[in-house]
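Each structure below appears as structure tokens.
Two complexes, one shared chain (chain A), two partners (chain B, chain C).
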Partner chain A sequence: MSMMKRLDELMPGQGGRIASISSCGNLRRRMMEMGLVIGSELKVIRLAPTGDPVEVLLRGYSLALRKNEAKQVILEVDAA
Partner chain B sequence: MIRAALIGNPNVGKTEIFNRLTGLSQKVGNFPGVTVEKKAGRLVHQGREIEVVDLPGTYSLTAHSVDELVARDYIVLERPEVIVDIVDGTNLERNLYLTLLLLEMDANLVVALNRWDMVKARGMEIDIEKLSELLGCPVVPTVAITGDGLEDLKDSIVDAAGQKRAKGQDAALNYGCDIERLISKVEDLIRKSPALVEKYPQRWLAIKMLEGDEMAMEQTRACLSSSQLAEILSIIEAVEAAIK
Partner chain C sequence: MSEYAENLSSALVQRRYEWIASTVDSTVKKGSGEIFTLTDMLDQVFLDKHLGIPIFLTILWTMFQFAFAVSEPFVVIIERVFEMLGAWVNQAISDPYLASFVSVGVIGGLGSVLVFVPPIFGLFLALSILEDSGYMARAAFVMDRFMYRLGLHGRSFIPLMIGFGCNVPAIMATRSMDSEKDRMITMLISPLISCSARLPVYVLIAGALFGASYAGTAVFAVYALGIVLAVVMALIFRRTLFKGEPSPFVLELPTYAVPDASSAILHMWSRGRMFLKKAGTIIFWATIIVWLLSVHPWEATSGGQVIAESYIAWIGHAIEPVFQPFGWDWMAAVALLFGLVAKEVVVGTYGILLGAEEAGLGDALVSQGLFTPLTGFAFMAFVLIYVPCVAVIGTIAKETNSWRWPAFALVYQTALAFIVTGVIIAVGRLAGLS
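Let's turn to the complex of A and B:
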């Protein structure tokens, strides 16, 4: 069973597969250029104390996202 | 003299390679009009003088940041004979995005596959010949911090300068028949303007216009008639409808 979650709802160690990105325009483009593409797998490495920014691991590198940006990434998460 | 430009993602060892290539002969200045540092240096290899320019490290070549715009304008407008794309071999998937953008610009490309020692240390395997065949350009493994592979890289720069990249190899990126059909429509319109044909790689410009790239639209406006512009705008709408 899998469920949909927003990236900002995950805790460190949790991850999933990108199902959709709700941002549009230049931000969407930039996020895709940085490797956030539908179907790619990512995992949350750690959060800053306020939960913003979020550091994620994808394709073998880490990427930091603002919470606002993380909110726009919808993941398919395996319910373990 | 051969003009070669170095480009690559940030932190791939680009500047180290630049320093190794040019030694103490470099000069620091600015790209005209913007405060992005321009470093240029010279070297002589196989009796040929090579001027090397170190472009800003970027992940992409959009018109949204000064660094990216400087790199892109330099490649498109100055047309250096050779572009050396420095790629982090331990992170190929991420780095090849820029490589594909460069191929799309019709750049005469040489790929330096840097951090080759790390690739091996991590037990990764990269089929260099296959990569070179798929990209349609030479791929040279390098280790910037020790200088390994740099003589091969210099050889490749001199070789590449002597030959134009074979056309038709840019099939590297095919956007699917819906989009490709619209790209060639815009290309047809671009071909009607000799000023644009002279100045820009046509396919690249067509793609940028379809993306609604601000600089591309602004710089081409003067070269197109209002009916041609209107036609391009309607094609852009068709693209947006196609990818919704």
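Let's turn to the complex of A and C:
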């Protein structure tokens, strides 16, 4: 059983598989080039001390995204 | 870009990663379980919810301490050597005009360039080490939310902080930013961050006028004013000249690494050389021009001895009316003009004009009644806001590859200096201060 969630809604420790990226243009290309492509698995590691941006583990490396950008990433999350 | 091209480039990236994933799956064997690396450990501390920001501020402070502690002895050596050279030239050259030109113009000019070198190289070295260690991306990560509220990017923070040391490397450090708008805003507001060259001026004026118990507060107030103005101008620029959102924050946090000494030194050198070539040339020529204006007419100034009779004093008298509403005299005008070369020159100029040694300068300012606490504080504010120095303008020209932006920076900062100083004086007078 799985459900769709935006990346900015996830808590540290939670993760999922990317279902779609809703941004477009340069930002979409930049996000995809950083490895945010459909099918990739990622996991939220932590939030910055101020709560934004968010750090995720993706393809074995750490990527930081502002929540504005993170909410463009739609994930398929296994419902616990 | 058309929709098809966009779809195509997305599809290419998508396929590329799918190919990488399948290749990795079929060739790489992974151990089971997650590995807790050194980077994970460090990040658990450095990016901790409560410790993250204090650690960041401590690292910044350490960076300044390092840069200035390392450079301090070199600054002293350079100052001594150039003093000795100047004195020696004065004795060795019999023609007084030539002696003055070489000792004050050329050697003084070279000296005023070279005293900048140790702290700037020190800052660049600290910056390279921080970059190579992998912490710089974390600094942006920690500060991004705060900077985003100001219409800036997390990456703006480090250049602005460097500005407390010197605005020239601050402007050069904006290169790490990939959005042109974010970079321009950061570049234009960075001169409002009070650099270390302005501190001697504050110390002189505040020390003379506010006494030991309030001088510190006055100096702190000027620093705070600079930060507030930088924030206000960032918000204004974001809403006028550089409309739009700050660029997106999608940044890799790289694995920590021990910085390599040779690459750190190489980085320092390649950036430092830029400063020497560009800023150095400008400071040097500015010093020569100031020398020309301060010893001529040669007869009237008794061979450069009496600045009060020189062209620069004439200019000071000519622009004095502009500063009269603030309660400043022609000497302040001259000092501010000289201050364009470098801010600490303001102190030296008062020394020459009042014929006082640096230690007795504060008393001389008070006994001559040049400033009241109100006009003195306004003077400190003016020194903070108007163009930091020719090197900053030259660096903006170099970094933007135009004369439009440095001209704009010059005009906006001077205008802002007049406005803010005017407000300080007006409010002070309304409050009954003289």
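Everything that follows uses one rule, which is that the second predicted complex is superposed on the first by the 78 of 80 C-alpha atoms of A that agree within 3 Å, B and C clash if a C-alpha of one lies under 4 Å from a C-alpha of the other, contacts with A are read in each partner's own complex, and residues count from 1 in each chain.
In this text, a contact is a pair of C-beta atoms (placed from the backbone, for glycine too) under 8 Å apart; a residue touches a chain by one contact, two chains touch by 3 or more.
Keep in mind it's a predicted model, so treat the numbers as computed, not measured.
With both complexes superposed, C is the one of chain B and chain C in contact with more chain A residues. Applying the stated contact rule after C-alpha superposition, one finds that A:Gly35 touches each of chain B and chain C.
By the touch criterion stated above, A:Ala48 is placed in contact with chain C alone, chain B being left untouched. Of the two partner chains placed by the overlay, only chain C lies in contact with A:Leu27; chain B stays clear of it. Shared-chain residue A:Met4: touches no atom of chain B or chain C. Residues 29-30, 33-35, 61 of chain A contact both chain B in one complex and chain C in the other. The touching residues of chain B, when paired with chain A in their complex, are 59-60, 62, 64, 90-91, 93-94, 97. Across the complex, chain A meets chain B through its residues 26, 29-30, 33-35, 59-61. Across the complex, chain A is touched by residues 1, 6, 9-10, 13-14, 17-18, 21, 39, 43, 47-53, 137, 140-142, 144-146, 148, 154, 245, 248-255 of chain C. Interface of chain A with chain C (complex): residues 24-25, 27-35, 37-40, 45-53, 55, 61-66, 68-69.
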